[in-house]
Structures are given as C-alpha cells and as structure tokens.
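Two complexes are shown next, each including chain A; its partner changes from chain B in the first to chain C in the second.
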Partner chain A sequence: MGKKIQINKEFVDIMPQDYLDLVETGTYESPNRGWKDFGTATELIAEHSLCAGCPESIAFRHIMASIPNPEDTVMVGSTGCTSLVFPMIAVHNIHSLFGNQNAIATGLKRALALRFPDRVKDVIVLAGDGATVDIGLDMTLQSWFRKERFTTICFDNELYANTGGQESGLMQKGFLAKMAPVGKKFEKVRLPEIARESGCDYVAVMTASKPSLVEKVIKQAVLIAREIGPTYIQIYTPCILEIGKQSMEGLQEMRTSEAPGERFKFREFISPEAQSFLDGLAEKKKAEKLAASEATS
Partner chain B sequence: MYNVAEVNAEECVAQKGCRLCIMYCPEANCIQLDTSKMKAVIVESRCKGCELCVVVCDAAKHQAIKMVAR
Partner chain C sequence: MATVTNSKVPQIGQRNKKGQLIVDPNELFFLSPRTSSFLTGSEVIREAIRRSSVDFSVAYPITPQSEASSLVGELYAEGYVGDYMRGESEFAVMGQCAGAAFGGARVFTTTAGPGTLRAFENFPMWAGSRLPIEVVFTVRGVNSPLSIQPDTLEISFMLETGMLLWHAETAQDLFDFMLKGYYVAEQPEVHLPIGVICDGFFVTHTKDTVMMTPEDLALPHYDPYRSPVVCMDMEVPPVRMMRDPFVMKSNYISYMTHASWQLEIRAAIERSRKHTIPLLDGLIEVENPDAEIMFVASGTAVSQSREAIRLFRDKGVKVGLVKIKTLRPFPTEELRKATEHAKHIFVPEFNVAGWLAREVKSTIDRNSRVIAGPHVAGGMTMPPEIIIEEIEKYLAHSRNKELVHG
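== the complex of A and B ==
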C-alpha cells in the first residue's frame, strides 16, 4: 500500500468497498504501472454512463492505466462525452467551461509549481475535438505558443457527439452527420502539424487499438511535458453511435482507420530537445538494468 | 431483459497468457483475472453487454465467451 494514498483509520469502516479496493490494490506510486495491471489491480475509473462499446471508454482505460504519476496528477476536462467519465476517475480533476481547458491548465500548472516547488506535479488536459479544435482553439494554440508544460490529449471522434452529431473542425471533408446533413465542405484541420509548428515538443496521432502503444505515447508525452515543453496527442475514438456502428464494432473501426495511408496511421513528431531527453531516459534505463543484472549474478 | 457476457472457463486460455478480453473491454474493472484458477471472469454488474469481448476472443479462435440474458 502506498504511503501517499491512505484512509484515515477512523473512516475505514464507513468507506465503500470500491474506495477500499482503490487504496488496497490501485496502482498509485507504482513505478511500472501500465496496461498489464488490467484484470488484477483496481483501475482508476468507476462505472460511468458512456454508451456500451464506446471507444472513448477504451481509450480512457488505457490512459488511466498509463499516466506515470497519478497521485500527483491533475487532469482538466471539458464539456462533451468525456465529461461523463471525469466524475468517475480516481485522479484529481477539474471540469472547465467548454473550450477553456488549456487556459485553466496553464494557470493550474503554474500555481502547482509555485505551491509545490519540490514536488513533481503533472497536468493533463483531456477533451473532445470540438473543445480542442473549434471552441477552444484560441486557448489550445496560445498555451502552445507560450510553451506551457502540460500534455493536451484530444479525443478525436470527428464530430460533436454529446450534442447529437454536429460538424467539427476535425470532421473529414464530405462527411455527413445527423446534424450536418449537407456534408462537410472543408478539409479536416491539420492540428498535429499546427501543434508542431506552434511549439509542441512532442506530437502523436493514433487510435486506441493497442494498449501498449497508448501506454508508451502517454508516458513519453507526460514526461516530455514535465521536463521540456508542451505535448499533444490526437487519438481516434470513433463515436460508434453517430457513425452508425454496432457496440462491438469500435475496435475494428479504429484498426481500419490506422492502416497505411489512412488518416490515423500512427505518426509522431519529436523535437530535437525532446529526442535527446528520451535518449537520456533510455540510457538510464539500460544502465539500471545492467546494474540489476550484475547485482544478481 | 439485459445481455451480459459469460466466460466458459473450460475454453478460456488465460492460463497461457491470453488477456484479450481484459485489454479491450471498454468498461473498467469489468473483466477480472481469477488468479487462482487463471481464468477470465466477468463482473456482471459492470458489463454493458457490448459484445466486444466476444469479438476479440472469437477472432483469436478461443470462443470462450458468450452473451447470456439476465
């Protein structure tokens, strides 16, 4: 059991079982936490109201299993389907007014650095494409221009899911949706490229089809944001409801959309500073492994 | 009536390392690994009946999960 996360002894007998499980078998303070904990450790998400089979739920699980420092992380959410999950996660989080998430995260990150100068505090924004690219675009870009040190994750389902399927900047050209019946006239906004040009030190485009890849990308993005500069992850979480898929078809939809030449084929941009930081981490890990194997032999 | 997933322990090959359903179930803490029997088990109260576990298990030719009415 971790030292930072404890229950006051006086309250143990009145705490719900789910809470006790989190404290006993949650993965706070576990240096190697990741998707491999699934099935045996208590995850940091409780029951929420997203649709059955929603890929946003899959992505959320993979992300919550992977963030490197959950006990010292504050997440910032925004309006949209993701906001139905935030009240059910076991990490501090703030719900911001639709679109304001990167402005809130900026103030929060700076305040945490002043309040806890000796402690690592990570800030992670997680919001839909409408919040990130349309209504919040000003706040998103300004935070990158200022090189604010936090991670921005966009759950890109290419439309406004929570309000019934309106057009979004990240919707594909020509796409028809329930509340966008004439088809989109413009190209999908190239936010990953804009992120790179706007000051992000790390950018990744992906789907949630491989938990090991989500884990790797999330860890890199959070660590680079902690030490170097802003990071951005755009992850395809198709809204099965609005694109007319069955509840069990979300995974296949993600796999199809990440094939070579498709719009969510995995790609990442890493700045030279971020790359040398990652190289340093890899060196350190190698040295630790060597020392460990020498100690046992 | 509500559909939930059910694992047939005889067909499940979690003891050989399979974790497919546990990895891909969209719901957190919903499919657990019984570490004494080394089989996947569904926490029915958390299952939304999406059938994705059936899809991934069948695709790997294990066919250990079916949907049952409750």
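== the complex of A and C ==
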C-alpha cells in the first residue's frame, strides 16, 4: 500500500470489500507495475459490461495494468463502447460529450499543470475511432498542432460498434456496413501518418494481442507525452459482433491483422527528441541495475 | 484522506504574484472604495477578469466579443490570468473550458450569437457536470441571413440549459454581475455554470461610466474541494464511479437517476436565490409599482423603457417598470407581486420571438394583461418614441374595443 492511497480510518469498516482490495493489493504507486501483476494484484478494472470476448476489454485491461502513474492519472473518454467501461475503472475519468475528448483533455491537462506545478499529473485520452477520427477529428488534430502534453489512444474497431456497426472513417475500403450499403467508397483514413505530420512525438499502430507490447507502448507514450509532446496510439480492437466472429475468435482476429503486410502490423514513429529522451531513460535504468547488482555482490 | 492543495495559492489577506490583495468577496463587493471609470463594455469585461483570480481562459474570435477575449489575453500576458489559449471553434472552446473546470480551475470565456449555438451541446453538459464556468454572452443576431447586429434571440435557446443566467442592463451591471457571478456559481449548494449576458454593441462597444473596485484587490481563488462532485485530479482516489453504468440500462433506476439529477440541477438554480438576492439587491428592480401600465424587461430594453417612462411622465402618464436581473432563476413570485396592480404589461424585446413575454405570460395570473412587444430584431434600435407610439396605439385600440363591446 502506498502512502498516497489510503482510506480514512473512520471509514474502513464501512467500505466495500472491492474498495479495500484496491487499496490493499492494488498497484497504485508500484514503480514496476505491468501486465505481470495479473493474478496477484487487484486490477484497476475489475469487470466490464462489454460483449463476451470483446477485444476492447482485453486492450482496456492491458492498458490499465500498464499506465505508469495511475495514482496521478486522469483519463478522458468519449461516447461509445468505452463509455460503458469507464465508470468501472479505478482512476478518475471524464465523459462529457461525443468527440470532444481532446478538447477536454487540453483544458484538463493545463488546469492540472497550473494547480500542481511541482507534481506529475498524466492525462490519457481513450476513445473509439468514430470519436477520434470522425466527429472529433478537428479537436484531435488541433490538440496535436498545439503540442498538448497528453496521450491519445484510439480503439480502432473500424466501425461504429455501439450504435450497431455503421461506416466509420477508419473502416476499410469496400467493407459492407450500415450506412455503406454498397461498400465503403474511400480508403481507411491514415491517421497514424497524419498524427506524425501534425506534431505527435510518438505514434504506434498495433493490436492488443501481446500484453508485453501494449505495456511497452503505453509506458513510452505516457512518459513522452509528459516530457516531450503529444503521443498517439491506434490499437485494433475488432468488434467481433459486427465482423461476424465468435466470442473466442477475437485474439486470432488481432493476430491475423498484425501479420506482415497486414494493416495492423506493429509500427511506431519516434521523433528525434522523443528518441533521445527514451535513450536517456534506458541509460538511467541500466545504471540503476548496475548499481543494484554492485550493491548486492 | 487529506487533499493536497497548492500552497502557492494566496489566501484572503495575502497578495498574489501581481501584488493584488486577496479579500473577502463581500468586502470587495460592498466595502471597497469605488472609483469612476469611463470604459467600453469589452474593457469592463477585462477589468472584471483582472479582479477575479481566473485560472484559465479560452478565446475564439467572434464579433462582438473578440475584443473582450483579446483583452483577457493581454491580462494573461501581464500575469493576471493563469493560462490562456485560442481554441479552434466554440464547440472546442467550451470543451476546453469544461476540461479545465473538471480539473479544478476557475474558468472564463465569452461568445455570442452563432458561437453560442455552435457551442450549444456543451452548456447542459456543463450544468449536469456541475462546472461553475463563467461565460459572458455578448448577444447578437443568429444567422441566417448573416448578421452581426445586436439581438437577444440566443438567450431563448439558453433558458433550459441548467445554467444560471443573469442579464446585465448596463456596463455597471456587467462589471458587478461578473464578479458576483463567480461567488454565487461556486457556492457548494449551487455549483453551476453561469451565463452573464449583455447586449452586444449596445453594451460592449459603447463607453459608459462604471464604478470600479480597486485594481489591487481580487477575489479569493476557486477551491475545487468545495465542489459537490469530485474534482477530477486523482487527489481522492481510488474510486470506481459506478459498478453498473446506467447508460446501458433501460430500467426504472436509470430513468430515475437521470430524472432526479435534472431536478437537482433545477433545484440548485433555485438555491442560488438566497446568495443572489443580497448581492444584487433582489432578482428584480421595480419602479412605480402602483402604475396601471408596466414594462417588464431585461438587458438594454430596460434602459429604453426607462426613457419611455420619462417621456410618458412628461405627458402626465405614470408608467412602471420591472427590471428582471436574473432570467435563471426566474423571479416568479417577485414578478407576480410587482405586477399585481398593473392593467397592461408591456414586454419590449430585441428579438423576433418574444421569449421574455412568453416567460412572463406563463408566470403571472390574468396573463391577458401581457402584451408581447414592442419588438425590434436584427440589429434595429428601439427608440423610446417608438415604444410610446406602439403603446398608445395599443391602448387606443383596446379602448375602442371596450366601447364597441360596451
């Protein structure tokens, strides 16, 4: 149990058990927190109300295990399937409207920077592709142009899942969907490339199939956003319902889509400033390891 | 657990980084010496913000408020405002304001007409999220056809957003309402956004004499830990907001949750009365309450009514006036009492819809006494002579009717 996360002694006997578990065996303030805590620690997301086998729930779980500073992280969501999950995660999070998530995060990050000038307060946006690329594109891009210091995560399921599978900008060309009755007529929007050109210092495209990779990317993105500039992660979280898959087929769908030559093959862009920052972090970690091994030998 | 506050925030009796002394709000409003200044409405907005310990302001260019927003930017450059930026559209601006308010900042912005409507989805969200943001609406025409002229139509759209809405008659009202607005909006039992409204151009672009509080005194900073809802800064974690998001349920509990919250917003508006009445000296101001002919008006229509009353007096006709200062909360009981002796109640308005007349009609008894007008719209002025002409025409017509129907 860390110092910051405590329950007022007067209230301990009336707190629900899951709340006590979070405080006692949660991973707030754990410097090495990550997906390997699964099974031994209380997670920041304990349950969800998504469809059985939904890859979005897997991605959500990996992300919540990986954010480096949950005790000082505020998340911003938008309308969609993610908004059904956010009420159940154990960090402060904001839902306000559909598509305005990067505007909210802009004001939030600036307010927290003003109010806590000597402390780290991370802001992470997590929204679907409709919110990020269609209705909210203006605010997504403008926050990058302004170099706002937060991470934007897009759960890309290539359609509007929550409203029943309508066409979205990130849908593949030719896909037959509601509102694309003869197939989508234009290419999947190349937001990762646009993000790079718009000022993001770190961009990653991936699926949620590998927890260790999700952990690495999330940590890099949050730390770079904290110190250097905006970061963007686009994660394939297929809507198994709308692409005609079974509950147990989500993982395979992600694996197939990240094969060489496929649209979600892992790729990342790191700006020179972000790269030298990451190099510095690696050097520091190496030195710490060396010092630790010298101390024990 | 104890919350962590920034010890650098100056408290009452201390000076901020600009050397302003932080004082008790009531001392600032009522006891501090006032000096006369001759300023445009936009400059008045700047001076009110200078004294309001604002953390964050977002600007977007629109006529006529762009001057006020730019002037707030100058305050930021001088160090009076914590952070400042230009947003990309009014919809985004109101989101940026919301984000900062969620994060515990005192926030200011201003917009008008088409900007108000573009931003519209945000306003009920602000109220529902209990964000005490102050926005000055320098109201103007709503397109189309393209108009930048004074018109109060946009206020009718704002009435059911759950915001407090105060309508300034003059630059003096604007100055006082802006300072006092923060105080009322941030009360824990209120904690709602507030729209301080002034009529574009008539108030923003004309110079007027304003009695100002001293430049070196400022309001105490906003304390987000007095909010009735949790400030989104992870200072009181851990929390799971809900175990069962009601948005996905179609059952009585979900409907009830929504309904009760909406009622609570309305109740919070009503609870603002007790803080507002002593600060504004009542929600209405009444002149000649015993007159048979009364005006009920808000904004600059009040000033025009005052002129008309003066001209009527010269003709030997006594006419009364109810100035409505707060549209939300609406001064229902006050208005009923102030108009109980009136035979004819005229509601002059700077818009085509006559929304204030509708409000008045739905509030008082024997509402056939209410005459919606005279109206002007689209930037037209309302000279007192026209008001008199319209009223005399109406009265002559109604007298004729009485004769006919005997």
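By definition in this document, the second predicted complex is superposed on the first by the 294 of 297 C-alpha atoms of A that agree within 3 Å, B and C clash if a C-alpha of one lies under 4 Å from a C-alpha of the other, contacts with A are read in each partner's own complex, and residues count from 1 in each chain.
Methods note: a residue touches a chain if its C-beta (ideal position, glycine included) is under 8 Å from a C-beta of that chain, and two chains touch if they have at least 3 such contacts.
In this text the structure is predicted, and so the values were computed from the model without any measurement.
*Asks:* Does the chain A-based superposition show chain B and chain C clashing or fitting?
*Replies:* Superposition check on chain A shows chain B and chain C fit without a clash.
*Asks:* Just chain B (first), just chain C (second), both, or neither: which does A:Ser96 touch?
*Replies:* After superposing on A, A:Ser96 lies in contact with chain C but is clear of chain B.
*Asks:* Going by the contact rule set out at the top, does A:Thr151 touch chain B (first), chain C (second), both, or neither?
*Replies:* neither
*Asks:* If you stack the two complexes on chain A, which partner ends up touching A:Ser57: first (chain B), second (chain C), both, or neither?
*Replies:* A:Ser57 sits against chain B, while chain C stays out of touch.
*Asks:* Could you say whether A:Thr140 touches chain B, chain C, both of them, or neither, answering first, second, both or neither?
*Replies:* After superposition on chain A, A:Thr140 lies in contact with neither partner.
*Asks:* Identify the partner contact of A:Leu112: answer first if only chain B is touched, second if only chain C is, both if each is, neither if none is.
*Replies:* Only chain C is touched by A:Leu112; chain B is not.
*Asks:* With both structures fitted on chain A, tell me whether chain B or chain C touches more of chain A's residues.
*Replies:* Tallying touched residues of chain A, the top partner is C.
*Asks:* Just to be sure I read the superposition right, which of the two partners does A:Ser66 touch: chain B = first, chain C = second, or both, or neither?
*Replies:* neither
*Asks:* So after the superposition, what angle do chain B and chain C open up at chain A's Cα centre, nearest 10 degrees?
*Replies:* 130
*Asks:* Answer with first, second, both or neither: which of chain B and chain C does A:Glu43 touch in the superposed model?
*Replies:* After superposition on chain A, A:Glu43 lies in contact with chain B alone.
*Asks:* Identify the partner contact of A:Gly26: answer first if only chain B is touched, second if only chain C is, both if each is, neither if none is.
*Replies:* After superposition on chain A, A:Gly26 lies in contact with chain C alone.
*Asks:* On the overlay, how many Å separate the closest CA atoms of chain B and chain C?
*Replies:* The answer is 13 Å, the least C-alpha separation in the overlay.
*Asks:* On chain A, what residues does chain B touch that chain C touches as well?
*Replies:* Looking at chain A, the two contact sets intersect at 44, 46-47.
*Asks:* Report the residues of chain A in contact with chain C in the complex, numbered from low to high.
*Replies:* Contacts found on chain A: 4-8, 18-19, 22-23, 26, 28, 44, 46-47, 49, 71-74, 76, 83-84, 86-94, 96-97, 100, 103-117, 121, 138-139, 142, 146.
*Asks:* With touch defined as at the start, can you tell me which chain C residues reach chain A in the complex?
*Replies:* It comes out as residues 1, 4, 6, 8, 55-56, 58, 82-83, 85, 87-89, 91-93, 95-105, 107, 121-122, 125, 129, 224, 230, 232-234, 237-245, 247-248.
*Asks:* Within the complex, which stretch of chain B touches chain A?
*Replies:* Against chain A, the touching part of chain B is residues 19, 22-24, 26-29, 31-33, 35, 40, 46, 48-52, 54-56.
*Asks:* What residues on chain A touch chain B, complex-wise?
*Replies:* 35, 38-40, 42-47, 50, 52-55, 57-58, 60-61, 64, 211, 246-248, 250-252
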